[in-house]
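Let me give you the structure first, and then I'll get to my questions.
Per-chain residue numbering starts at 1, and chain names A, B, C and D are given in the order in which the chains are listed.
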Amino acid sequence: MEKIISIMGWETVKTIVGLVGVLIFVVFNALILTWAERKVAGHMQRRIGPKEVGPFGLIQPIADAIKLLGKEILTPREVDRPLYWLAPVLIFVPVLVSFVVIPFDASLQVRDMNAGILVILAFSSLSVLSILMAGWGSNNKYALIGAIRSVAQNIAYEIPLLLALLPVIMMANSFSLKAIVEAQQGLWFVVCQPIAFFIYFIAAVAETNRTPFDLPEAESELVAGYHTEYSGMRFALFFLAEYTNIFIVSAIAVTFFLGGYQGPFLPGIVWFLLKSYCLVFVIIWLRWTYPRVRFDQLLNLSWKALIPLAFINLLVTGGLLKL
Amino acid sequence: MLAGLGVTIRAMFQPVVTSQYPRQLLAISPRFRGHIKLLADADNPDKNGCIACGICVRNCPSGSIKDIEGEKREGEKRKTATSYRLDFTTCSQCGICVETCPSNAIDFSADYNPAGFKREDFHYDLVKEFEKRKKSS
Amino acid sequence: MLDLARANSIWPMTFGLACCAIEMMSTAMSRFDLDRFGAGVFRATPRQADLMIVTGTVTRKMAPVLTRLYEQMPSPKWVIAMGNCAISGGPFVFEGQYNVIEGVDLLVPVDVYVPGCPPRPEGLLEGFLKLEEKITGKRRFPGPDSRW
Amino acid sequence: MVEKIKAELGAALGGVEIRETEYRERGYHLSCEASPGELLKAARFFDECGFYLAAIVCVDYREYLELVYIFANHSALCKTKVTLKLDPAKPAAPTLSAIFDCAYWHEREIREFYGVLFDGHPNLTYLFLHEGIDAYPLRKEQVLLADEDKKALGAFRPEEGEDTFFVNLGPQHPSTHGVLRVVLKMDGEYIQSAEPVLGYLHRMHEKMAENRSYLQFLPNPSRMDYLGAMSFNLGHVTAVERLCGIAVPDRANCVRVIATELNRISSHLLWLGAYLADLGALTPFLFVFDDREQINDVLEAVTGSRLTYCYFRFGGLYNDVDEAFIAGTKAFIERMRGRFGLYEKLVGGNVIFINRTRGIGVIEKERARKYAVSGPVLRGAGIAMDMRKAEPCAAYSEMDFDIPVGTRGDALDMYRVRVREMGTALDIIEQALARLPDGPVMAEKVPKKLKPPKGDLYHTVETPRGELGIYIVSDESDRPYRMKWRVPSFSNLMIFPELARGNLLADAVAILGSLDLVIPEIDR
């Protein structure tokens, strides 16, 4: 062990161990979230949700995963093979990278980069690429429309997302996520930046393609959107990425606005996960309450409402800080 | 907007309305129209009440009832069915046979959850089923 | 193990044809809650579904579509014929009929038959349990009470 | 009104004999036999008078084919039957599609089923049937399709242009609630044209009707429209009772009203849930099913079935209601009144929902008339027309209720009309419960074999989706000679291509949903 450390250097080993940990966490998180989503949805609809598979249906997501693994690997005849194969793999990269910089606790962070948030934002834009690849490669009209919608939507909502985070960065004077958390020692940024939080949250829901902004996979219009032609394990990867993304946007929200891992009595990681899953719950809650917006309304909301609002908020923050 | 969220969160803490089949069974209404069965004769509970007249065969909209045969036993005025075949897979559970039966020998069973691996599982011989029921009771 | 997982995670395709589709929906709804068995994830695309529930009459015009959808599903896949129309053409079979397929098993292999017109949701649930029985080889739940 | 139309129509046609008929027996007030030229004149006359074309029926009398046109009016009760005789060897008639838009669809149907050629019709291609069928199905004697007929019928082929492509909405598609296929010609996300392709669930009900006795046809109507099974059942039995002159006891009539209205609520509830599911909200779908289960419990306890009730019989009911039914219905009314507020909070007051539906799929009054739409769609367009008021059957004439109408004719109005209609249905049930008389539920002298006197009848009832017209021709046998079902969903679907044109794909789904289509009813 010491030999390995001495050869590769402490930092590298830490990163590798961290990555493995992240992988495990990603899978675990997706399992928990699918179960929680079905359970929450069930109770909101006054039914039980998964129950018969394991105690409280807890084994349900594992059964789903094993089943998806065991499905026939099916490649439709008319797809563009390289794109079709690459897309589900590629959607996973940004997800993993994002985890590297998120501070779960004061000491629990794979790598604290001083440009942490930039890494996340840069890589999360990549997921658009893989969705586009999936849509284009599937050679299916529904998938293509879904992909195009997704691109337009992600680009439109990336801007308010970024603009909502900027005031916080200005206030914390750092791009490092850890520094931002530390800056909220006394007061959470959500208190002085409620508008930014609000904008960020809406944009985040839109970024993760969740109802009421789930147009790329609008079931009643586009069957299943960009992953219409995907089955078995490849579909599972999309599924996994979707749920991980939900967690990531919640985690960033917690880091930026809700004081990250800080909190009394309990250890930091507990606080962090607690806050994150609360936000995840809100996202699930929204999904099971609201209908879907229309495409033009979606873009209008971003370009005509959220972006100007975010700009004004940014200006006001800048002005106040200067004073 | 927010009112909608209130509705769903309240629903979340209300008790569920699920009836957990097969662990809990709903009460099936006595008038439930399942497939049909033969009833016992009013005077003689040992034999079925069907007199093999064939009215139900003629009236059935989809020809689900077939091959009714009967025999006249000694000392009896009317025939008794020895074979009564129902193809439940074409039945529409309308109840015309029950209504038109002159000897009131047909009634709906409360068999509410049939499922099987073959089509032929649901081709019943009601006389045989009647005998089976008689034995088991 | 794999069979157990498969049997407990049967994702049906939303494939409503006629009257029975309403009862299929009822089965998925609060009162009967198909999701208890992990089967409540209705997928709109055949690529992600494990089970096709044929709920209603299959006409000759629909038959090619149905076979194509079945072929698009990745194996292992199952079919439940729900309702008398799907099993045998039901009440719509008569002499001189020109448009109804007399049983969906003439088109695709059917695993479980649920008769009725329409079957009660319990019938469909029982069909799911029968399917589980078929996949795993044993029955996990209390047996069906026959109420002749 | 009838006198006036008789005189004016007579003047417009010049010399054609216009007979006054007994409305109570026939379901229409005036009838006349026209030549092709006179038919066109008559159609133009009715168009100018603000009538709508309720139905076109073709009847094969072996020696000749007869086209029956029923014209009716939204504001006053005045129905006219115009008939046109055709040569069975080479049937041809002028098209009315230029005058009444709905004729375009009825004529396509008749072309397929009888082989009647309509001169000047723009698109006589397959609508219900397909290449695999060799003969005209509804002709009394087998008439095979000639090769050129098949070719002409199969001429519809979608062609993609440079900037456009086609999207098939259906036949297996989550938003079509069944097996409707709409071929959408798209320019990006915008729809250039929409072409419904029907018949994926064509179950030959009309053919079956001719092959069965009246009694044996009883289970079929509930299968046509499984959501409004009671209304279709009601339409069928009241039509046959009217034809045979059977009087139904009061109690049965009252129960019929209660059962039909309960079923109407359950149908509207399902529409509400399915519509919201189309728009992406799934939870209301489960909430409405919760309410529906309450109705099902009440109805199952008395009818024995959850969906295809088949409860009304000629002359009365299948069986009597009991105290438990009355108590259950009262409890349901109580519960349902409280649920409206919840739906208003969850759906009606939601900004996203309002934005998705306001101004979408607007139907003007004039267009509604040209397409002969009916039911909540027509009332949403602002025309207060309800067959329960206009031509009451059962005990509807004794009920006091108002007809909710919309103001803009958009999808939001359809929603509001349907929700308010649930409220009026509750009122009707309460009134019917209050005056539920004692007595038998079955008329005394109903013959085992019904053999109605010779003649025809056009009978209408209001189903949850609109005007159901049943045209029966009796030849004194125990089977109907011809039984045509003028179904509301078919008429409501006709308007869809025009509404969808130029809209977004997402709007098309919203519009299609707002029309509340039940596909087996369209396909029959």
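Quick note on the criterion: a contact is a pair of C-beta atoms (placed from the backbone, for glycine too) under 8 Å apart; a residue touches a chain by one contact, two chains touch by 3 or more.
If you're wondering where the values come from, they're calculated on a predicted model, not measured in any experiment.
Of all chains in the assembly, those touching subunit C and also subunit D are A, B. Remark: among chain pairs A-D and B-C, B-C carries the greater number of C-beta contacts. Centre to centre, using the average C-alpha position, subunit A and subunit D are separated by 48 Å. Distance between subunit B and subunit C, defined via averaged C-alpha coordinates, is recorded as 22 Å.
Centre to centre, using the average C-alpha position, subunit B and subunit D are separated by 33 Å.
Centroids of subunit A and subunit B (each the mean of its C-alpha atoms) stand 54 Å apart.
Within subunit C, contacts with two or more other chains are made by residues 29-31, 33, 36, 44, 91-92, 94, 117, 120, 141. Annotation for subunit D: residues 173-174, 212, 219-220, 223, 283, 286-287, 290, 293, 308, 346, 350, 352 touch two or more other chains. Taken residue by residue, subunit B touches two or more other chains at 4, 7-8, 11, 16-18, 20, 61, 92-93, whereas all remaining positions touch fewer. Chain contact summary for the complex, subunit A toward subunit D: residues 41, 44-47, 141-142, 145, 149, 211-212, 214-215, 218-221, 223, 288-297.
Of all residues in subunit C, only 14-19, 21-23, 25-26, 29-31, 44, 56-57, 59-62, 65, 69, 91-92, 94-100, 117-118, 120 touch subunit D in the complex they form. Within the complex, the subunit D residues that touch subunit A are 165-167, 173-175, 189, 276-283, 286-287, 290, 346, 350, 352-353, 355-356, 504-507, 509. Residues of subunit B that touch subunit C in their complex: 16-23, 25-26, 28, 34-35, 37, 61-63, 87-93, 109-119, 121-122, 129, 133. Only residues 212, 215-220, 223, 283, 287, 290, 293, 300-305, 308, 310, 313, 318-319, 342, 345-347, 349-352, 448 of subunit D touch subunit B when the two sit together in their complex.
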